[in-house]
Each structure stands twice: as structure tokens, then as C-alpha cells.
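Sharing a structure, written as C-alpha cells. Questions coming.
Naming follows writing order (A, B and C), and every chain is counted from residue 1.
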Amino acid sequence: MNWIELDTWIAATAAVTAMACVIPGLFLFLSRQSMMTHGVAHAVLPGIVIAFLITHTRDWTGMMIGAVLASIATGVLTSFFQSFGRVEPGAALGITFTTMFALGLVLLRVYADFVHIEPNHVLYGNLELSVLDSNTPPPVFVRSLFILAVNLVLMLLFFKELTISTFDPELACSLGFKPQLVQYGIMSVTATTAVVAFESVGSILVIAMMIAPPATAYLITKDLKKMVVLAFLLAAGTAFIGHLLSIRVFGGITGALFGLERIGATNTAGGISVVCGALFLAVLFVKRERQVGF
Amino acid sequence: MDTEFLQRFADALLNMSYNQKVIYLGVVVLGAASGLAGTFLLFRKRSLLSDTVSHATLPGIAIAFLLLHAAGRYEKQMVPLMIGAFVSAWLSMQMVRWIRKYSRIKDDAALAVTLTAFYGLGVVLRSVIQQTPSGNSSGLESYLFGMVASMVIADAYVIIGLALVCGVLCLLCFKEFSLLCFDARFAQTQGYPTAGLDVAIMTLAVSVAVVGLQSVGLLLIMALLIIPAVTARFWTNHLGRMVLIASGIGGVSSFIGAVISSVFPRVPAGGAVILSAGCLFLFSLMFGRTCGWAIVVLRRIRLQQRLREVQFLRAVFDTLEKQQQIRLLVGYEFDRSLARTPVSISAVVAKRDWTDKTVAQAAGRLANKQHLVHVDASSIQLTKAGLERAIDCARNHRLAELYLLNYADVAPQNVHQYVEEIEEVTTPEIAADLRSLFHDELAAHEIPLEPHEVR
Amino acid sequence: MSEDSNLPLKVSDLTVAYGRKPVVWEASVEFPSKSLAAIVGPNGAGKSTFLKAVLDLVPRTSGRIEYFGKSYATARSRVAYVPQRETVDWDYPINARDVVAMGLYRKIGWCRWISRAHKQKSLDALTRVGMEEFAERQISELSGGQQQRVFLARALVQDADLYLMDEPFAGVDATTEKAIVEILQALKRSGKTVVCVHHDLLTVSDYFDHLLLLNMRVVASGPIAEVFNVENLKSTYGGRLSLLSKFTDALANKDEIEAGG
């Protein structure tokens, strides 16, 4: 298949979304809470559904508020289970987000007549369809650009606070900063970014983009600022490469492997995730260093 | 409306066909197996690994489906798909280990990157499958959300068989697994292949995840591996019992979920199962036996009650002591024969800020334990056992006060308050320690004098 | 000006408990101005907890803390803290100079960026600890002693009047130890007060001039010449206090005892 103008919009939307995702992802990665991205991406579902049931429209403000509240609930519950029930951090997160996701799923199915959210759509995203709009640039692209701008401004404003809270929360505390507040801030941003990204790229790419580019950049450089820039470049680069491979290569390869004919373009979000993962593994292979104790 | 629901519940529970029974049994056994594997995973601090491996089954399923398709087999077949799922989930687990072994990337990021890489591949392959002629009837969707209803009896047999294998493996290696969970370094020095055991535990989890896809779906199977294990911790501190309880919770929540899903067709089975497991977790967080909220409160109340009893007994003792009028400079032998005289409650309570109610409650409880008898409305009398306990309490209390004054330099005005805190926790062992520390003093006199003025 | 306002740190009746387990018992102690003080005691004596409680990092059960006669919140800018090295992730992608600059963050304030002047200040602090050539080095590439010096520089850059340090000599080489001692003494000469948790009894009297002997409670405190003697050390490290820790263990396990009994 050939690259047409639509493909440029698809890849550009993916790239912008990916860069927006990198910002909260990077700091969750640095504070060793990468799986929180996955947790928040799932846990926002009941928030969105309930917001939908209250407003009865696909109103963005309502959905955003629902998502942010759900993500904060995730954070509060996770730390409550940790401190009060003495539950191990990973398990506490696991319990919280799976239960919330299950709740969202059940609500979604029970009120399927009122809530027009297709779970498959949320999971896999449908970039190809979402940019199909008479307007140019497509609204989904504009929304992604908006959230990228918001995240960028927040990061530039609070870079110092984000660094100190993720590196040395104790010092941050003794200097009078509020690491807990910063943590909830990061989670709220994760939630809003995830909601915007669901519509275009689906939940799977949200997690891929939040963690894979920062992790890859972390292997390459040991300087935080270079890491941020590199993660941006990787996010944007993989978006274009991933889409290109999705429309030109992946279908053909699988077709050839499994004896299928006429396999067209494959899912772009999935393709980008694969490229992200492959790039990470390649860099890791080159930069590998044996760790002690394993 | 209500009767209609009840009717449907009754139908779901009572009028089951043989096939349905087998399928329910399969679901329950699966829940039990996941509780089992999840407990070990929890103690290896790898709960979220279940998240990654369950997502990583998708490309395996898709590849198996495409291979079957290429071989001309178009109907849905469970066993090959499960083998595919198992292989890719197992590879993902190895990838996590590999990332940890060769980079400074920590567990959380290794899990996240692996998850997305595998799941992304699965999504790509899924979009290929949708373009094949048989793609839409592939039944792949049921792997995402879980469809108990669409299970056939053969599926249930496979689940039961595999779950049993997992259970037997756990029983055989229980000793080794628990050693690894408790102290991996020690296990290594004992010559156990710790890496191998680690892989075995994770393989166990992978197997359960693969088997569970059919009923709960890959998005939620990890919850079955996490929630029952954590919930069980609220009921016991013993690993063996924990494994049993976790299995029970897994089984019960799977059953409840399956029934709900069959009564309300709109409710997806996976969601119902996890929500019931989540409810059991919340219930345990509140009412669990080891550290649930209610039990902590209840214990605090009981402790308070016992403290009041002890304080009351000591107050009675002080009063008796005064009546004997032998407050000398040193300790003394207590005359037990004189002590069994009635004491008026108002004398006991004097100088203490107790309400009438707490006094009445404490006296009532002591009467129930036959430590005292009510002579009349305003006075009480200690029984023989009560007297001994009162003497014991008073002695321990004074020894503790002496200790703090002489050895811990606690200010005299604070001694009383600290000892009040300490005294109820004075175990027989600590009491013995105190007695041997003040051996000389006690050799001369059975009960030391109050080392500070009574407030 | 009251007399207290010259006293860098005054702790009254400090009690700290983890859960139900008291770790520090009603400690009352004063650290005089321009002193170089050590907190010494056996393992588990609550030395680090004492420091953390003083800094509001762990909740206090009771007690009042005064810095220069004021509360911590108001006197924060005059106090610098050097935590134990293990508390942070040394794989974090950041270089030595940026770690030092963190000491300035509060002065810079929320939302504002680090300026060139701030960077220069951080470099100067690194120079004072002899680490200027490692300024651009990523922190995981530093040795244990160098990491400790970076932490010290981070405290120096805060330009505080009171420095609280948790085991600054733990796991450092002999040269670094000497260098750190020199810095501490220079601080003292310039009128600052330093309080260190210390674990080496052999060097206490060489390095410090003021001493707090702590074993869950304050055994003794005062000028080193008066306090550092065999009798005090015996009661700090001796066995009689072991029963006290049994009491606190029992307090912590109250629930279990109650459940079993």
C-alpha cells in the first residue's frame, strides 16, 4: 500500500500522542512505578463510564474529570492497601486496578444501551478510523497536540520538583516540597493523557509509549535532560516507523509466513508497540552489562 | 422482579445440566489453582508478573491460530491455542529475567516493556487474523473478556486436568518453594537450584494464566493470581494454610462470578469473577483475622478491658494493703488470711478518674471469671484466685516501675504512665526477667513497696 | 533576643514509636552553638530515627523540637540534612552537579528554573569537597566515598547554620573520611553547628567535641571531655538496657500476645 496524506495524519497523531505519553511515563519510570501506567490506563475505565452515565454525552470535560478522579482513587487505594493492609506494593496496585477495571467492564456491559464506548476500541485503538474526518487537520490530532502542549508546560514548570521528588523524596520533604502531591500530579496527568490517547491509539500503545521510549533512552544516556529529548525523538520516530511498517511490511511478512494472501495494513498501534519493544531489545543487546546478583 | 431474579438464580444453581456442572467445576478448580500459584508469586514479590504473562499470551494464541489456519483446520481448537499461549507467555517471562540480568532497568520497567512488546505483536497478528476468511469466527474475542458461557465440556476437562497438575507440582515442591520464598540466599547455600525453582514458580503462574484465559479472559486472569493470595494473608500467617485459603477464595469467587454471569447474561464472566474476588478482599481487609480493620479495633477494646481489670485488681490490692496498715520502708510479706475481707468499691475507686460504668463493667467481668464476688451493692471480696492474680499484678507493676526508675532513668512523674502501658504486655518471660533482676530484693520480701507516691 | 535563639537544636521529651514500638524514649537534649557533635550508640538504639524525628521525616509520638528557638517550618532554611547514602537510587540519570543543585531548590522556589549562578554555586560546593572534576559524572559512576562527598556538598550549598548528618563516614575510604572531617571542622570554625550520627567509638574523641550517648533514651550528653567515659559507655552499650528493648518489643507485639492469650 502506498503512503497517502491520510497516513501522514495517522503517523503524526500517533507521534504527538506518543510524545505526550512520554512525559508522565518518564517520571513514573524513574520513580520505579512503570506498571502504574498500566494500572491507571485500566483504572480510568469506571471513571469514564460513570461520567458518561451522569452526563449522558461524550463530553470531554466529564470524561476527563472521571478519569482523573479514578486515577487518584487508584493511587489513594494502592497506598492505603500498602500501609493499612501491609500489602506488597505490586500486589496492592494489581488488586486496585484489576478490580476497578472489572467494575468498569461490568458497568459498560450492563449499561451498553446508554454508554457508547466499545471496549475493543479502547483496547486496540482505531487510529485508522479516527483520523477519517472531513476536517483537516483531524480533531483527534488537534486534541493530541493540545494534551502534549499541556504536559510540556507542566513538565517545564515543575522539572525541578519532579526531579527531586523522584530522586530523593526524603530530601524533598525536608526542604519543604510535597513529594506526595507531585506523585498525585503525575498520576492525574497520566490519566488525562491516557483518556485522550484511548480514542486514537488505544490503551496498549499508551503503556508502550509511556515506558518503552524512556527505558530505551535510559539505556543510552545517563543525563536526565538528554534522556527527555531522546525519549521524545524515540517516541516520534517509532510512531512513523511503526505506521510505515504496519501498512507496508507486517501484513506481507505474516502473510508469507502463514501462507495467507491479500493481507493488507495491520493495526498501527500494535505495530508501533512492536517497534518500540524491538528497539528497546536491540539497544539492550548492544549495551548489555551483566548485573551482579542475578 | 425480585422473584424473577430468584427464579433465575435457582435455575442456575439447581437445574444444571451435566455439562454445566463440569464447566462450573472447571471454573472453580481454576480459581483454586490460581490462588495456589498466586501465593508463591506474592511471596516472590512478583505479583505483577502475572499481568505481563497474561497479556503476553495473545501473540501465541494468534500464531497458533494462524498455523492451524495454514494447515487447513478452521474450527476453534483449544489445546493448540493453549500451547501457543503457554509458549509465548513463557518466553515473555524469560525476557523479563533477561532484561533484569543484563541492565540496570528495574523489575517494574522490565515488566512494562515486555508486556507492551508482546501485546503489541498480538494486536498486529489479530488484525491479520481479522482479514482472513474465518477471522471473525475465530473466538479470539472470548480470550479477551472470558466467556464461561461459550465453554464446552472438553475445555472444562482440559482446565481441570492442567489445574490438577499444577496442584500436584505445588504439593511435591511445597518445601522447596516455601524455602525459596522465605530465604533465597539460604536456599542457594543449601545447594538448591534457586534459578530453576524460580522459573518453576513462574511457570506455574504462566500455566494458570493460560488455562484461565478461557473463563476470565486475559485482561483479568492476573487478578485471580493476585487477589486471592493477598486476601488469604488477612486470615493466616502460616504459609500452608495460606495456600489452602487462597485456593478456597479463588474457587469461591470464580463460582460466584460464573453464576452471576449466567444469571445476568450481560455481565461478563471475567468482570463478575474479579469483582467478587475484590469484594472478598475488601471484606477481609475489614474483618480479616490477622490484621483486618475490625479485628484491630476489637483487640484494642479487649486490651482496654483487660487493662481495666488489672488496674481494678491492683486498686483493690492497694486498698487491702492500706487496710493491713503495714506500709513499711521496705517490702513485706502479704498476709493472705487478712486479705479476703470485703472492700468497698468507693475506696477502690478513690483518686481514680474512672466512671461508675467502667468500674461496674470491670467488676462484672472479674466476677464472671470468679476472681471476685459482690458482697453487696457497694462492696466486693476477692476470691482465692483473684487474690493471687492481684498480688501478681501488683508485684509485676512495682518491679517494672523499679526497673524503669533504676535502670532506664525514666522520670519519676512518668514512670506510672509507662508502666500502665507496659504492664499488660508483661509476658511471663519478661516477668521472670524482672524477678531475676530484682532477685535480692524479692528474696527478702515478696512484694516490693510502691516505688513512687500513688497519684 | 531570648537565650534559646542561639541554641541551634533543642529537643524536649522526644518520644518516637514505630507502630506501637517506642524507638526513642523521652529524649531531652540540647546541642550548643558552634559544636561538632556526635550521636553514638549501639545498633538499633534509634540514632537515625532520632535524627529523622527531629527533621519531621517520621512522626513523633510526643516532644518539642526547636531550631534556634523556632519551629522547623520557620527555621527550615537554616537546617541542612545529609541522609544515609542507601536512601536514594544511585542509578538515577543525573550528574553530581545537579544532585548538589537540589540543595538550592527550595531557595529557587516552585516552578522556577536553575540559573547559571545556581550551577556555579553547586560547582563551588563540589570544589569545597574536592570533587570539582567529577561534576559532570553520572552518580552511579562515583565510588562510595565520592557519593558521600556529593551529599556533603549538597548540604554545604544550602548554606545552613545547622548540619544534621546520618552516618557520613559509613562505607567511605580513609582519605574521604579525613577529607570529610576537615570539612566538618572548617564548618565549625566558621561558626556552624554539626550533628553527626557516628558508629566508630575509636574516632569519636578525635573528631568531635560534643557527644550524645543514645540507647533509646539519652544516656548522657555534653562536652566530650565530660561525657566520654567508661561508665557512660557501659550504660549505653551494657546489658541492663536490653530489658527495655524487650518491653518495647512486647509493646509492638501487643496484638499478637492478646490474640494468643
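We take it that a contact is a pair of C-beta atoms (placed from the backbone, for glycine too) under 8 Å apart; a residue touches a chain by one contact, two chains touch by 3 or more.
Predicted model, so just to flag it, every value in this text is computed and none were measured.
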Pair of chains whose C-beta contact count is the highest in the structure: A-B
Relative to chain A, chain with the most remote C-alpha centre: C
Geometric centre: closest chain by C-alpha means: B
Where chain B and chain C are represented by their mean Cα positions, the distance between them in whole Å: 37
Centre distance in Å when chain A and chain C are each reduced to the mean of their C-alpha atoms: 41
Gap in Å, rounded to a whole number, between the CA centres of chain B and chain A: 33
Residue numbers of chain C (touch at least two other chains): 140
Touching two or more other chains - residue numbers and ranges from chain B: 104
Residue list for chain A, restricted to those that touch at least two other chains: 32, 218
List of chain B residues in touch with chain A within their complex: 42, 45-48, 50-51, 66-67, 69-70, 95, 97, 99-109, 111-128, 131-132, 141, 144-145, 219-220, 222-223, 226-227, 229-230, 233-234, 264, 266-268, 270-275, 277-278, 281, 285, 291, 293
Interfacial residue positions of chain A with respect to chain C in the complex: 30, 32, 157-161, 163-164, 166-168, 170-171, 173-177, 218, 221-224, 227
Contact set on chain C toward chain A in their complex: 55-57, 73, 76, 79, 81, 83, 87-89, 92-95, 98-99, 102, 105-106, 108, 110-114, 138, 140-141, 154
Interfacial residue positions of chain A with respect to chain B in the complex: 29, 32-35, 37-38, 42, 81, 84-88, 90-95, 98-99, 101-103, 105-106, 109-110, 112, 119-120, 123-124, 204-205, 207-208, 210-212, 215, 218-219, 246, 250-251, 254-255, 257-260, 262-267, 269-274, 276-278, 280-281, 284, 287-291, 294
